[in-house]
Structures are given as structure tokens and as C-alpha cells.
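Take a look at this one; I'll ask things after.
Order of writing sets the chain letters: A, B, C, D and E. Residues in each chain are counted from 1.
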Amino acid sequence: MLKLQNVSTYYDKIQAIKNVDIAVEEGTVVTILGANGAGKTTTMNTIAGLLKPKEGSIHYLGEDVTGLRPDQLLRKGLALVPEGRGILSSMTVMDNLEMGAYHRNDSEVGADLEKVMKRFPILKERKSQLGGTLSGGQQQMLAIARVIMSRPKLLLLDEPSMGLAPLIVADIFKIIKEISEAGTTVLLVEQNARQALKVADYGYVLETGRVVASGNAKELLQDDTIQKAYLGH
Amino acid sequence: MLSELINPYYLQIASFILLNIILGVSIYITLATGQLSLGHAGFMSIGAYTSAILTLNHNVPLVLGILIAAIFTGLIGVLIGFPALRLQGVYLAIATLGFGEVIRVLFVNWEGLTNGAIGISRIPHLGREILSFSQSIGIEPAAFGLRNNQFISLSVFLLLLIISIVVIWFFIRQNNSRIGRAYASIKMDEQASEAMGINITYYKILAFGQGALLAGFAGALYAHMTAYISPSDFDYHRAVEILIFAVFGGSEVIWGPIFGAVFLSTLPEVLRAVSEYRFMIYGALIVFMMAFRPQGLIDMNVMNWFKRSKSKKKEGKHGTGSKENQ
Amino acid sequence: MVLEVKKISKNFGGIQALTDVSFSIEQGEVIGLIGPNGAGKTTMFNMITAMFPPSSGEIIFMGKSLSGLKPHEITKLGICRTFQNIRLFSDLTVRENVMVGNHCRLTTGVWQSVFRTKHQKQEEKKVLEKADEILEIVGLLEHSQTIAKNLSYGQQRRLEIARALASDPKLLLLDEPAAGMNEKETNDLFDLITKIKSLGITVLLIEHDMPLVMRICSRLVVLNFGEKIAEGTPDSIQTNKEVIEAYLGVEEEEEELA
Amino acid sequence: NDTKDTGGQANESNSDGPVKATVGVISYLTGSGASYGEAITNGLKLANEELKAAGEVDIELKIEDSAGKQEEALTAAQKLMNSDNVDAIIGPTLSTEMFVVGPEAELNGVTILGTSNTAEGVPQLGDYVFRNSIPETMAIPAAVEKAIEKYDVKKVAILYGNDDVFTKAGYDVMKQVAEDKNLEVVTTQTFQLNQSDYKPLLTKIKSLEPDLILASALYNEGAVILDQARKMGIDVPFVGGNGFNSPEVITIAGDASNGLIVATPWFAQKDDEKVKSFVEKYKEAYGVEPDQFAAQAYDGLYLIAEAIKNAGTNDRDAIRDALAEVKDFEGVLGMMSFDEEGDIVMDPTVLIIEGNKYIEFE
Amino acid sequence: MLIEQLINGLTLGSIYVVVALGYTLVFGVLNIVNMGHGEIFMFGAFMGVVVTNSLGLPLYVAFIIAIVVTAILGYFLERFALRPLRGKEGVSHLAPLISTIGVSIFLENAAHHLFGAGNKPFRTSFSDMSFTVGTTTIYYVQILIFVIAILLMAGLMFWLSKTKAGKALRASAEDLSVASLLGVNTKRMITQTVILASAMGGIAGILVGLAFNSVNPQMGLSFGLKGLAIIILGGLGNVRGAMVGGLILGLAETFVVAYGDSGYRDAIAFIAIIVILIVRPQGIFGTATSGSRG
């Protein structure tokens, strides 16, 4: 479904990712692991069109999408929840949710809205509060609810569990599972490697901008070097 | 011999450039705490009028007049600094622009004091005062082989040169100290600075006051350099011009506004040949410049580069700014 | 007693972020402030450091009421914090960031700075030494000349702690220092907090990383919907029904501690 | 024809060709007042062409822009005096600029002739400072006097631009005149440069029913004021100052300009050979009728040329002395002389706009 | 006289509103004060002069041409003065302010060359049409100006708060990359906004020409400064605020002249904003955005 070939991205002259090859099969959950600064966010932003790769190509649904803008990609069903959540802080919760469906013109937007409100009751309660005044966890809920509103085919999540209470973290992973089961392909970046590998089918490990390991999620979970580096054993 | 070389025209330009450098630094100081002021033309006019009125109507000696004017403007700056604390970014810029306009309108209307739009003329002229002073102690320009007008231009130039150097030295020193660090941190994150124990009220007002003082000082010098002032000398265009010095040259380091002042004050002279189009060129240049170097010509990197190439000569020390990732 | 929080409430235009929360901290403790997202933990930090005034209640630090003080005065008294979203002075070097942290312990004014008096030179020397000392502690000494924004995320978190330490705090407030860190980095953080504790500094810690919290804190205060729902040792909190229900969750807790 | 005569006298001194001289010009060429500077330089260029053709003096003009700013005027003056070594200077356009440049020219011993400065105190700046523009103290009383005679004026309203030296100086004169003539001033209103909306103050003036409106305005604002006033039904005559006098008033305000009375050294429709030929040539060269700025500049250069001719040399001091000596010089403005201070001595003409034309006001 | 002054004030105020709306729109979306807006407005006014006086075409053509020309200028302004600054590292928030000041200097001086420095007459038969109620003469132009101001405001308000495009605009204002992730073509959005704001400037320019028969290259600055004051008065980026601020300023200036000292007319706007900012820093209608949290 998604295929990165030999992708390199730079910030001015600093190369943040180097010749990255990543493939995501339809219907799977794939996770990218790596230490801080390894280039995970850069990879995600490159896929979503926020950054332009200097080399390499990105194919999505069999089509070359290298260099397309985020809004063009979203129309093709590729959505990203960015690191730091990307809540529109001066707009209300409701406005944020509606913006999730910005590119949609179908009649089911209203029904979807009802659905996510039901899934995240706190949002319904706070629907006219400004996004910026929500607590961290509430914002994360909103970000996920909002992306659901866009009905993505491929969903990119950048550290969705960051700064969340244990209960919510569990909840988030449950939601990721649900989303995946509902037929959406998920590409997930996580610090919380253990849990990420648990929900994932396949994993990649990034180190200073390069893919240093990849494999079946279950295998990675057992891998010694991986355990040492990312699972704290 | 000497008199061949000393051309009052060039000295005149150079003196105005030095004056603009002081103005550029004055806005840099306020910007150093992240406060954007478009009111410096207003401060300048307060300084100019104060010194002009004191020296002309109250026979205050020139030097004293200029100093009182600077300090008085600084105090006004402190007063303005308090409400300014509540404003940020564009709000502050426009409110200070408004302050400048209000001052100008006030000076236009306050005829008893300022003579209104007619302005104040026959203000003691810096150079001519120096001339008559040196003559009174028996030194004639002819002794150096200079004509009177050369002597006047030269003495004004030298005086401004010394003042500018002192001003720059002062603020460079201040920058490399506890005060400078406090300014820098406030510019980057006010709340965090406050949480780190920095009295942001004090420092923001200090910076605002210092900027105003310096602008008032420059204004007083201006009054005594042209010997004539009127409210329209300190209008919107002046305020914008001063700001552009800082932003064009770069507002991160003190050399930015200095460079900006030098470059932009020389430009119109260079463009005299195409004088009809020079302001169009000036405008286009600003747009062009912002597109290619929005941080201004001189920024941290340029300074670091300078420093590095200097220290490289001394020893092969490691540079800063490189990425050090795990 | 280092800090005494007395019936603090905070209302943000209708949203009740804190309701009559009281707790106290003893000298030398590492105390954890935990609770679900939106429970009011960060708000509590903001109350203690006077970022916002409380709607009601009082906070006493070393026997002195903090009411009406400005944030910088509180820092001077000996309370310093880190931020949930990192807020470094991003264009300054690592060392300069730490030096800014020490600002409130210095006295040189404008004139002394400009004329480089003896006093100023001594102070400057001292602050440099102190900065390097602290950078050594947090393990950033080799990066002292790096511009803060070029540090990696984990390093930035540690720099924030270093900056706060530079103000010679008696009480250090840490807001989710482990957020965004992997388990290895979290372990390093554990060591760092232990070190800080051994310096005699009292620590109040907000954290969602339960293994870390349970290992390092001697006592926990749990907030939920702005109210204190429990307080006690890690063991007693872990078995507290209300806390499990509101915050820890059942299965997860077992797994996390496995 | 007079010129020819005087020219004849000087001829003996330059038997070996015309006297060569460089004359610096400081003019307002860029910025909001550029229209004045343009008229001035046009007038100068035209005069210089004629002078060149006449062959008695060979003047090179060095024109510098001041953008209406004192510093730039000063720098320009320094450049002219010290780099280009000019023998005399014409300009600068604004009185404010002259206040700064005048003393500097005095110091350098360079004759400077203002052709458009009307503020008080300009010639008094120094021995080397002259002007051939009539000050408002001369023009306004002449116009007001005639208006009172004709219209039996008792009540006047005064209107002036308070943020401009030129109009403010004009106002001071108007106030004085009103006092001297025992007129009742029903209201005094101010406006600012480049203002667009004068309706509030005109509404107020209208309600007070003055017999005459004294308006110290530059034509730019003045024309718009006239237009808005007439639209509002204010049909009393206006008396303007020097700056109000321009053919542009008619272009901008059209029919509304009728009833404007100004005293001016310059009357383009004057039945005079010199004037007719000047107007014709000017129109041919620049496509518009010359205004007083052009005319004053035109005469200004002739005055300088006369001085150079009489001096017979381009020595700076000699030029000054010769200029001070000029008596009853016949220019397009009329007969001109200088008083001891270097101020112009001449009789202004009072004009009124009627039928969209300036005519002499009797 | 009171009624007449009231009408004067409302006319002036309405023009201020239309000028201010252009600023507000750009600020609301880009968080940039477009200092070149005043000069674009001035070009609009000159288009009116050129079309009706020089070419002798009817008024409605003038409106069309002015809108087209100012829209094109807006496009160029966005393209050359704003777009290059966007998304660049290390761009201070002053940079767009300065580059649009550059544009304003350029345009003002270009106008000097193209149209001459002085006032240009703008006479149309429409601007002479009036009717009389009692002793008060009211010009149709005055009514037209008022109506256009109201329509533009209402249209903008509806567009911003009720339509999807308006929401997208606000989202773009807050965070460009987030907006683009949500499917907004931000580049086009921004260009459209600047063009729209500029076209509104063009309309305002013609209205001023009609109302005052006064068009000159400096009018951009004098109206521009008032426009700036108004958007601060009303709260930056707030459409209703611009409306109320503009009308209040128009009335205040008129009444200062009518019942106070006309010398202080130009100071009113700024005295008002200084007072407002001290009492209510977010402007009359601005909402206090709770500062960033710990």
C-alpha cells in the first residue's frame, strides 16, 4: 500500500533520514521504533508531504506520490496525526472535529460526528471549549477523533501515547486496534516500544536516520539487541 | 594638504550614518527583549525638543542640554514601558507607532512650547559651538590647515564617532553579562524566564527605557546637528526607517542594526544618480532582502563564522552549532 | 516541612481545574503527583510557581506564604520547575541556558556589568563553574557549547532540569520529565533524580510513567478531576481501588510492572 | 528688453566668451512634495536653455534631490558646495530645509537663493541667503484687503493646515490681518497634510455663516477643500495664501474653484510679452501651464545669471555682492529688487478664479 | 448640524471599515499586518481616476478595473513579499511586517511616477447626486458607501464563521502545516485571502475618491494608519470589531472636529488605541486567548 524507496530528507544541509526503505501492506499495523532524534518524525512528515524528500520515491496505492502536498495526500486517504497532536488551539473542539472532515463532501459527516462523540464522551462534554485549553490527554483524544473524521485509508500516528496516563495509553492502543480492525492501515511511531510491537504486525527500527533492523513484530519483541536498546532490559 | 582630503560632504554623510547607528542600536536594545517599538521617532523628537528648548530658551549649556534630554526621554520611556508590558508583538508595534503619532500631533498643537509646525530654528549647532569654543581658547582651524566649515564638519564627525563607539562598547559589554542573558531569555520565552527567576518587568522596562534614552540622545544630537527641528521630522517614515535599520541588518546581534544603518544610509547617496527611482529601488530592495535573508544580513551564524575564523587562527577549537545527536 | 498546599482551588472561566487540594511535602522527599490527563497536575505547578493566581487557598513554603508573590520571587525563595512542553531558550547555548537559571542568585547590575568590576568578574567566574558542575551532573558537559535547539529531545529534557537546578532550588518541580523517552532513557532519568535527591533537594514529580514513579517516590498524591482522591506510599496507591479505576487501570498495571 | 540692456552692460567683462558658472539646485524631487520640485526644476531648465542660447552666461545646473527632508537637503548642499564646488545654489524647496541649509551656505560663503520659501526669517539666516518668492506677510494682506473692499466682509472663518510650516506661517499672517482689519473670526479650523475628508469642519463653518473664508492651504488640499465646500453649499469666496495658487486648483476642483482669491507674484494670463513667451515655451516643453513655483524658479535662475553676469566672474563672494545689488530686474513675475536682508521687493498681483480661469481681481 | 455631522461621521467611518476589513482579513489568516494594504487601496483609487476621468468610462467599469488591478497587486504582494518568508527557518515575526513596508514604499513611489505627486480629481456624475431631507443634503454616494461597508462586513462574517472555507481559513491562520494535514490547500487559501483583501482595498479606494474627490499617492498612508488603529481597536482579526472600530473612529474624528479641537483629529485614533490597549489589551471584541500553558 505504501512504499518508500531510498528516501532521504534534509533540514537545510542536515540530513535527517538516509536511504530509508519502508513498506506497509494494506490492512496491517506497522510500527517504526527508534531513540529520540532517530528520524521517526522526519520519516512520517516526509510521507505525509510536510517535508519534501531530496532523494528517493514514495509510492502509495501503486501511484508515485513523491512531492505531493499533505492536502492532496489526504484526499487520497493518507492522514497524519503529527507529533504534538496539532490541535487548533484557538478553535473549539467542535470546530476541530469538523475540520477533520474538511475535504469530505458526503452526507455521512454528521453521523460520523455522532459516532466519535460517543466514542470519546469527554469531547462531547467539552465541545465548545477551545482546543488549546484542553489537557494533554484530552488533546490527544481530540487529535485521534479528528483524524477518524477524515476517514483515512492509511493512518500515520506519531507518538500518540506521549504524555498520557496509563489508562489512556491502554485506551489509545485499544483504539488503534479498533481502527485497524475496521480496515484502516496504520503506520505507528512509538517510544512505547513494547506496546507498539504488541499491536503491530511488522516493525522497523531507525537509528540516526537509517533503518537498522526490521521484521515481524513478534520476532522483534524477542530480539535481544532490540530488547537492550529499546525495551530497557 | 589635509584640507584637500577633508570634504564636508562626506563628513556630513558619515555623521548622519553615525547618528543612524545610534538609532539602530536604540531599537536593537528594545528588540533584545522581544519588544518591537515603532515609537522611536517619538522618543527621538522628545529628546530633540527637550534639548533644543533647554539650550535655546533657558541658556542651558549644550552638553548639559543633550544629557538632560537623553535622561528625560529615558524616563518617559520607562513610563511608556509599563503599559507596553501588557502588549505583545504587533499590538505593541502599532501602539508605539500610535504613541509616536500622538507625540507628533501634540508637538504640532503645543505652539507655546514647540512653535508648532513652524518648528524651532537657530538651535545651537554642535559644530559651530565647538568652533567658537576652540576659538575662545585660542585654537583656530587654520592651525590645522582647515577651513572653518571643514573644522566644523570634522569635529561633529569625530564627536559622533566617539559617541557611537562608546555606545556600541557599552551595549556589547552589557550583552555579554547577566543583563544580556536576561534580555535574551526574555526574548525567547517570557514565561520560562520568569519561572527561572528573572524579573521580567524590571528587565523589559529597563530595555525599553534604555532604548528610549538612546533614541532621545540621538534626537538631541540631531537637533544640534541640523540646528532646526519641526514635528514632521519625526513622523511615521522616521519610525519605520529606524526599524528597518535593525531588521534589514539583522536584529539578533548588535552588529546587525549597525550594519543596516550604514548600508541603508549610504544607499540613497549611492543612488543619487538615479534619484527619481531611488525610493522604488529602496522598497524593492527591502522586499528582496526579506525574501532571501529574513533574519537580516547579519545573524548569529555570520557572527559565529567570524568568531570561528578568528579562533581558528588561534587554535583548532571545535565549532558551535553542529549537530550532536546520540 | 518544605511545602504546604492548603485548600487550593482554581477555576478557568467555568472549568474547575482544582478543588480544595491540600498536601504537604517534607524535606528531602521525592513525592509524586499523579492522576489522569486533565486532572489538574500542571495547574497545581502553575499555582505553586505563581504562573496563575489560585482562585482560593494558600501555599506555604518554608513557613512563608507565597500569596501575591511573582514567579521570579518564588524562584528566588527556592522553588524551580521544568515544563511539560519543553521550554528552553532555544537559541542560547546549553551553558548559557544554565547560566540564565542562576540569574536570581547574582547581583551585578548594568553599570557593574559594563565596567566589569571585580565583583562582576568573580560572579561571572563562579556562575561559569557552577554551570559546568551542573552540566556534569546531568551529563551534558560535552555539549556545553551546543545551541539548545540542536539537542535531541532527551537531552533537552535533561537540560531543562539542569537549568532549574542552577537556581539552587530547595524544591524542584518536574513536569513529566520522562515523556517521550524510551525505557533506557527513563532509566538514566531515574539515576539523575536519585542524584538530585542526594544533593538534599526536595522533588515534586508529575509523571505518567508508573514504573518510574513507583520506584522513585516515597509518597504519592493522586488527583482526579481537580480533587485529591488519594495520598500515600506507592504500595498503598497501587492497591487503592479508586486510583486503579480512575487512573492506573487493572490489566495494564500488572503488565507495566512485570 | 530691459534684460538685454543690462546684459549689454556686462558684455564688456566677458569679451572672451560667456562667464562660466556652476549653479547647484536642491529640489524636492521624490516624495509627497515632488510636484513642487518638478515645477521648480522645469522652470530652471527652461531658463537655463534660454540663457545658454543668449550666450552671455554659461551656467551648468547640478540638480540634487532632498526628498523634502532636512538631512538630505543638508547632505545635498554639502555635496554641491564641497564636492561639486558650485558657485551658487538655488533652492531648497521647503522653508524647513532652508532653515537647515541656509546657515551652512552662509558658513561656506555660497550664495543661496530660495525660490519657494515663504516662511518668515529665511533671508535673515545670513548674508548669503536670498529669496525671490514673496513671503506670506506680503501676499495675504494684499488679497484680504481687496476681498474686504469688494465683498463688505465682517465675519470670516479661518482654515489652515497646522502640520506644515508653509500653511502654518500663512495662518499666522491671516490671523494678524483679521485682527488688523477688525474682522470677526467665527471659527478657526485646522486640517492636516494629505487629508481627504474636510466635511466635518466645513459643516461647522457653514453653520456659522461667514462672509469670507481665509484658507491657508497648499493647492493639493486647498482644491479638495473648495470642492467639498461648494458641494456642501458654501458659496462665499475663499482667500488663499501663496501655496493655494496653482492652475491645478482648477483642474482638481473644476467649477468649485470659482471664487478663490489669491495674491501672487505670478499671473500666467498677464498681458506681457515675457510672460506669454514663458508660458508658451513652458507648455510646449512640459505640457502643463507653469505655476508660480516654475515661474519663481525661472526668474530665480535669471536673477542668479544676472548677478554672475554683473560680477563678470564666478567668484562666490562676487556673485553674492552682485545679487544684492540687483535692482528693478524685469522677470516674468514683474519688477524685482532685493532689500538689505536679501528678501524680495515687488508688488504681488491679486487674482480670482472666475469662469474656471484666473483673472485679475479688481 | 448634528445630523449632518452624524452623516459625515458615518460616511468616513464606513470607509475606514472597508479599509480595515482588508487588514483584518489578512491578519486573521496570516497573522501578518500587511503594511502594503494602504498603498494597494491607493492604487484602487487611482484606477477610478484613470478609468472615469482619463478614459471617460462609466463608474461601474472603474469598480471592475480597480478590483482587478488591486487583486493583481495583492497577488504580487503575496507572491513576492509574503510567500518567500513562509515556512523558512529562523524567520522573525517582524520579517513580513518589514517586507510589506517595502512593498508600501515601492508602491507609493511608483504611484508618484505613474500618476504624479499631487491630488487627482475624481469627478463622476454619480458623486453629485443627492437628495435633501429638511435642511440636510444627503448624497447617494454616502448611502452607497455605508451599504457596501455593511454588506462586506456581513459577507465576511458569514463566510468566516459559517462556511467551511472560513473555518479552513481560521485553521490556516493558526497552523499552516496542521491545516494542510487536514486537507486544506494552504497555499491557495493564503493567496486567495490576500487577493480578496486587496480587492476590498480597491473598492475602498474608489469609495474614497467618490466621497471626497481627493486621490493622491499619500492617501495610502493616512488611511492605512487609521486602518491599523481600527483593527487594534476592534481586536486583531475580528471582523465585527473592525466594523465597530471603524464607525467609532469615523464618528469620533468627526465630532472632535465639530465640537472639539480639529488639531487633534489625527491623534484620536491612536489615543483611543492606547487607552483601549491599556484597559483591554485584546481590543474591544478580541477574545482573550489564554496564554500558553506551563
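One rule holds for everything that comes next: a residue touches a chain if its C-beta (ideal position, glycine included) is under 8 Å from a C-beta of that chain, and two chains touch if they have at least 3 such contacts.
Note that the structure is predicted; figures quoted are calculated from it, not measured.
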*asked:* If I rank A-E and D-E by number of C-beta contact pairs, which comes first?
replied: D-E
*Among the chains, which has its CA centre at the largest distance from chain E's?*
C
*So, what's the distance in Å between the C-alpha centres of chain C and chain B?*
42
_Centroid distance [mean C-alpha coordinates] between chain E and chain B, Å_ = 32
*asked:* Can you compute the centre-to-centre distance for chain A and chain D, using the mean CA position of each chain? Integer Å is fine.
replied: 75
*asked:* Rounded to a whole Å, what is the gap between the Cα centroids of chain C and chain E?
replied: 48
*For chain A, write out the residues touching at least two other chains, lowest number first.*
35-37, 133
_In chain B, residues with contacts to at least two other chains_ = 105, 108-109, 191, 276, 279, 323, 325-326
*asked:* I need the residues of chain D touching at least two other chains; which ones are they?
replied: 30-31, 162
*In the complex with chain D, residue positions of chain E that touch it*: 1, 4-5, 8-9, 11-12, 109, 112, 116-121, 123, 128, 137, 139, 208, 211-214, 216-219, 221-223, 253-255, 257-258, 261-263, 265-266
*Flag every residue of chain B that touches chain C in the complex, lowest number first.*
170, 173-174, 177-182, 184-185, 188-189, 191-201, 206, 252, 300, 318, 320-326
*In the complex, chain C residues that touch chain A*: 12, 15, 35-39, 42, 84-85, 152-155, 176, 179-187, 208, 210, 246-249, 251-253, 256
_Which residues of chain E touch chain B once you look at their complex with the stated criterion?_
27, 33, 80-81, 84-85, 88, 90-99, 101-110, 113, 221, 225, 228-229, 232, 236, 261, 263-264, 266-267, 269-271, 273-274, 277-278, 281, 291-292, 294
*In the complex of these two chains, what residues of chain D are touching chain B?*
29-31, 64-65, 67, 69-72, 74-75, 78-79, 81-83, 96, 99-100, 103-104, 107-108, 119, 121, 161-165, 167-169, 172
